[in-house]
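Multiple structures are listed underneath, in structure tokens.
Here subunit A shows up in two complexes: once beside subunit B, once beside subunit C.
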Partner chain A sequence: MATKKATKTPSTQSSPVFDYAPAPESRAIVDIKPSYGLFINGEFVDGGGTSFKTISPATEEVLAEIAEADEADIDTAVKAARRAHTRVWGRMPGKERAKYLYRIARIMQERGREIAVLESIDNGKPIKESRDVDVPVAAAHFFYYAGWADKLEYSGYGTRSLGVAAQVIPWNFPLLMLAWKIAPALAAGNTVVLKPAETTPLTALLFAEICQQADLPPGVVNIVTGAGDTGRFLVGHDDVDKVAFTGSTDVGRAIAKAVAGTNKKVTLELGGKAANIVFDDAPIDQAVEGIVNGIFFNQGHVCCAGSRLLVQESIADEVLERLKRRMATLRVGDPLDKNTDVGAINSAEQLARIKELSAIGEEEGAGRWSPPCDLPSTGFWFPPTLFTGVTQAHRIAREEIFGPVLSVLTFRTPAEAVEKANNTPYGLSAGVWTDKGSRILWMANQLRAGVVWANTFNKFDPTSPFGGYKESGYGREGGRHGLEGYLKAEVN
Partner chain B sequence: MTTTPTTTASASSAAGNSFSDVTSSESALRRFLHGLPGVDQVGAEARAASLGTRSIKTTAKDYAIDLAIRMVDLTTLEGQDTHGKVRALANKAMRPDPADPTCPQTAAVCVYPDMVAVAKETLGTSGVNVAAVATAFPSGRAALDIKLADTRDAVEAGADEIDMVIDRGAFLSGRYLEVYDEIVAVKEACGPAHLKVIFETGELQTYDNVRRASWLAMMAGGHFIKTSTGKVQPAATLPVTMIMLEAVRDFREATGQMIGVKPAGGIRTSKDAIKYLVMVNEVAGPDWLDPDWFRFGASTLLNDLLMQRTKMTTGRYSGPDYFTLD
Partner chain C sequence: MARIDVRKTYKLYIGGAFPRSESGYSYVVNDAKGKFMANASLASRKDARDAVQAARKAFPGWAARTAYNRAQIVYRIAEVMEDRRPQFVDAVQRSEGRTAAQANKVVDDAIDRLVWYAGWADKITQVVGGANPVAGPFFNLSTPEPTGVVAVFAPQESSLLGLVSVVAPAIVVGNTVVVTSSYERPLPAVTFAEVLATSDVPGGVINVLTGSAATTGPWLASHMDVNAIDLTGVAGDADLAKSLEEASAENLKRVRRAPSAEPDWSLDPGIDRMTGVLETKTVWHPVGI
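Up next is the complex of A and B:
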């Protein structure tokens, strides 16, 4: 080989780096209208409130003007939903409801690319994520619950629907959270009024079009857009039977107060500060992938994000070194580029919160590190970041940052890992990395978290129930358990 | 390429020194290999699949295709091989696209030992290496002295590179030191020729085995680790290659020495080749994006690369008749 090296042409030595050329997904497939109304009783109507703008967080470009639902609009929507429940949907045989749900699921698959592009534009998440996770998992939820619609007698929760469900969803997985809410509600025979987040209303409005395309009877699904006030009117409306909310713990607490003393059934899926626990016998390379996926997936805008890395002290240095090397290969930028791994932060407000907590982390003495990374000059961006030397006493180990920021803590024994993992007001998810099966089972029994992932992280499946302990909320979504929140227990 | 100029020559001795404790006894070697971090199959396959979704377009694709051509070990390993066939292949390696002089040549041609002289004669000073499969390829089921004689024969005939197979039977029954000693012995028989160590990952089956075999071969002084003979299915796969790329990356971290990786068998399209290059880039790092450190063992791949290359320059796909069949 020595001789071969000598004869090498100079061009080889100065070979350019493998620079991935831009590979943007085309925007041409989506047709964003200049303005959108509310979707009530099967039609788009004007809203009574003050309309607002939704922007692309990657460019700050204004995408569309969105109607705001006022109290009267909410009342109209709830009435439409009530009528649809009483006259059509609530009395329709499950087998027939299933046909609509299957049809919606198929249309979502057929229009998958369009939905994915729109989601990435409005939310800022990378196209590969909306294309490979959000849209297929959302469609899978409709397929899954379509299967339940005529089998409710086997659910163990009865067969009678509640009535009208008021549903409020967050901006981190706009379409997927819509699917988690609407699919089980409709399968169980309820009608819904759903409010998407004010920063990400577009895919919900596209979903309204899909309902029209599927000939869903008017009033079964109503989409009302707006911010906090709209949400308050909706969950506070006297004629809703069920409130389902996914979002922050503060708002969840306010909702629980608002519905206290009423007949409304409530499920809340709130914040988290999940521990991702890596033992010294873990499959290290896959654990590093799991850490990255746990906190940088969806820019860390994930309620079950593995935002606290608990790594066994004996391998902490090695894991950190590998983690940093891996983080340096993350591609931050244009959400529509097919090679982007980390997209834009969803809003200026959220960016400010991430910056604030990161600054506090530094002030409190934690070591801040980010890979070298060029961020676009317009839009909302934050580099993948980790903090070392974090202890339970740091605010960044306790408060939900909801951004691409990882706090690294260490532990010495399994008991200490459990103690630290559980030492949080939250309890949504946890991850355990070890080659030892018995330890996985032991840990899963000890951890007070609704989901415990073993040698993986952030995996979602419609058949698997998801939900929290403690301040992470109550009720489960997904799986058979997900039907409980939408059915009336049989009284004998 | 920071470490390249001297490492290859001194690879075996330095590696031998830093790992002399590990390879001093069967039990020490077993302890070391079984102490390597495990591989989670689901996670590894998911990571490999996600790297496969990278979208390589325009200038990046131009770069990748030319690099892939330069990395090809153009291979014919058939009972029906003749001098004529080998000469045709050698000519193809030197001038893959006769219609386009800017097309780079391949890294090597890969033949059985008895064809080395013919290949060498045809290739002359073109810079295209001759690689020979030796050591009772593909099964490796022969006595050590026969394997060594096979190797020496190929080197004497002018082989620049030797692709040896490990004794999978010994490996699977846990006789690691025997596999190690055999690699060391073949390495010595190679003299100046470069040694590629074939694992036949389709027979080793588990990723843990692939990782252990990788370390075994690197410690024994192999210059390259190679997935497969091409005679057993599955041959090269993305996850297997990824485990090997992780191994060479970690070996450099531990010793400072770079080892090459060669997936072989089953890579037929440019699209597949580009997925491998993305993986090299993101797992081992850009230093490995060079024919000295990464090769494709392939035959039909080359024509697909040429077709894509022509398409990139002309904007049109031309039919298979515009590329030579050998």
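Up next is the complex of A and C:
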């Protein structure tokens, strides 16, 4: 994502010189239907479960009624995917599969503005993020993996598809996570049944329309909506060959148990509690931007968020002062306003979790601070917040909050920074800020995390493998490595 | 009068030392014809935990060795085995009920496999890692790193070649290992441990437990300080394999599932036994002046 520029860096005080006039993106480009069915075998069909509503987290307005897939629907979807794999997609030459994926990438670009607006309405994220990150990076994933479809023999992972992939994705980057899942699966010749999160189904259903526009053969992509039960039916279905999940470590653990004793291949991208480590020789202004981007990007609903700031003791006061000043300039509010930096919390449930853990942070003795911040009266909101005086024993230093809440800890030596950074069951990402090259490389070696951002943070790219160590899950998404979870060798 | 020979006590190998089982239990090991060979230590829960502790302690130092150094050490294991060939041939012959010619071939293959894996230490990084051409001004590099402590269940039938084939790939890339030997054929594993002790392999890098996977398995699978588990030796026992995989989910261990039957160890092993216990780390840094 683009690093936020300090558009107005007040040198001495935190109150802005100018107010921003509202700059809302038009909703007119989006046509939300009153109700949506399941997308199975190339068509929208009714679901057998109890339909549910998806709302705008910024206004609590009901957006649409969504079908719930029950066990029979899942079976129908898996059968459609199996049929499509056996008869069409699994035997189609890679160069032809590639052309469908290129088509999809192009349509996503063509309809980019529409998708971005819909994503911000359904998810609550700022339009400048959905417009500049989610949608273009999602399209780039399809473009990237399209090119692999006819080059699998060079991947090092074999050329045979697995079959039917069951994919379950979270609500924080609904379309982007869909792209991370579907693009490599299809490129490798698998067919998919994907379940989007129950609070953010709309862009996945729009993606189903894109598949229709691309004339993708029926059954290659199936989208089933619903909540936990729907996901369990899908993951537990006997005829899926692959399970890919992004979400919480608790659910990931349950999935790892559920697939035990089967032949299903599994990749899990789970929680994190990343340390963002700032040394005394770091370029402070850049580091502050990186800290803000690390934890307030996407309201902190990011598994790789830099939720633990480890700052060297000698510069802690200065960094905190500049960080607070910068936080005071963050604009929280209407996701569709192009000037908004921090949007709505995705759901009432998530807001309750953020509030609960923040209250625990205070009870355990950490110092809580938020800038003055007017929050809208309807919808789900939480101000950018930081906690000082946090110790490693505090729950806010150990548990994933998945919100705009930063825990600040200090360290004196590089060894202490490494020890604190690695003192977590998670291992998804980490950040290092220092001007000293040898120290960056030493730190990068020591950190037990799948992605290390040095003098940057929260960068994503289709060519760059992403995924965790330890309880942050296993398998990689992105790059050549991202094909491993969807291929098998010629003989085994 | 004929000289009375001095028999060897077969012990566990934990943290570079040869303790008896903490439990005080041992079990009778017979040769392929059912004739008594020795009493082997029956590894207990406590032995499994001690072995994990030793493996964890050894991990940072072993992972930090240069790949060149790990290659030399694994090659050294092969050298010392070659030097003790007759002992291994005899152990394999009696344990597995093979002819002398067959046992010789097994020992050849085991030594050659160590040499093959030794060479991988400083090559796997280039084969599976690399630079990523991201769409922006960033240096971006993915490299493999060892996942940590690996609990390995060695094959039941192939007591030496199978053992070497599951242990060598895990350690050559920088992991440390707790291996539970074949239950009925544990003696080659103990002799292998004696080779390790004289091959510059730091104590704790490979810990050898003799006994039953059904006994050590649940404790290793549920151990929160074990990062990966290889169920190869549980081949054929689907229920045990399933329960160990379930227990392994608690801390998201990387699991290599049990095959339906024991593999043919004479085949080319491929690289997936190394990649299965490697993590990919991707480092980003801005490019600019």
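In this section, the second predicted complex is superposed on the first by the 473 of 492 C-alpha atoms of A that agree within 3 Å, B and C clash if a C-alpha of one lies under 4 Å from a C-alpha of the other, contacts with A are read in each partner's own complex, and residues count from 1 in each chain.
The rule we apply is simple: a residue touches a chain if its C-beta (ideal position, glycine included) is under 8 Å from a C-beta of that chain, and two chains touch if they have at least 3 such contacts.
Keep in mind that what you see is a predicted model, and the values were worked out from it rather than measured.
Chemist: If we overlay the two complexes on their shared chain A, which of subunit B and subunit C does A:D132 touch? Say first, second, both or neither.
Modeler: A:D132 sits against subunit B, while subunit C stays out of touch.
Chemist: When the two structures are overlaid on chain A, which partner does A:E471 contact: first (subunit B), second (subunit C), both, or neither?
Modeler: In the superposed model, A:E471 contacts subunit C only, not subunit B.
Chemist: Just to be sure I read the superposition right, which of the two partners does A:N455 touch: subunit B = first, subunit C = second, or both, or neither?
Modeler: So A:N455 meets both subunit B and subunit C here.
Chemist: Would you sort A:Y20 into first (subunit B), second (subunit C), both or neither based on which partner it touches?
Modeler: Touch status of A:Y20: first partner only.
Chemist: Classify the contacts of A:I440 with the two partner chains as first (subunit B alone), second (subunit C alone), both, or neither.
Modeler: second
Chemist: Tell me which partner A:D285 touches in the superposition: subunit B (first), subunit C (second), both or neither.
Modeler: The first partner, subunit B, only.
Chemist: Have a look at where A:R253 lands relative to subunit B and subunit C in the superposition and call it first, second, both or neither.
Modeler: second
Chemist: Is it subunit B or subunit C that touches the larger share of residues in subunit A?
Modeler: C
Chemist: Could you pull out which residues of subunit A sit against subunit B in one structure and against subunit C in the other?
Modeler: Comparing the two interfaces on subunit A, one with subunit B and one with subunit C, the shared residues are 455-456.
Chemist: Mind listing the subunit B positions that touch subunit A in their complex?
Modeler: 1, 4-5, 8-9, 37-40, 42-44, 46-47, 53-61, 63-64, 67, 70, 127, 129, 160, 194, 223, 246, 277-278, 281-282, 286, 289-292
Chemist: Which positions of subunit A touch subunit B when the two form their complex?
Modeler: 1-2, 4-5, 7, 12-13, 15-23, 128, 132, 281-286, 289-290, 329, 338-339, 435, 455-456
Chemist: In their complex, what parts of subunit A are in touch with subunit C?
Modeler: Within the complex, subunit A contacts subunit C at residues 140, 156, 249, 252-254, 256-257, 260-261, 263, 268, 270, 425, 440, 444, 449-456, 459, 461, 463-467, 469-474, 476, 479-481, 489.
Chemist: Sort out for me which residues of subunit C touch subunit A in the complex.
Modeler: 127-128, 130, 132-136, 138, 140, 142, 147, 227, 238, 241-243, 245-246, 248-252, 254-255, 257, 270, 279-286
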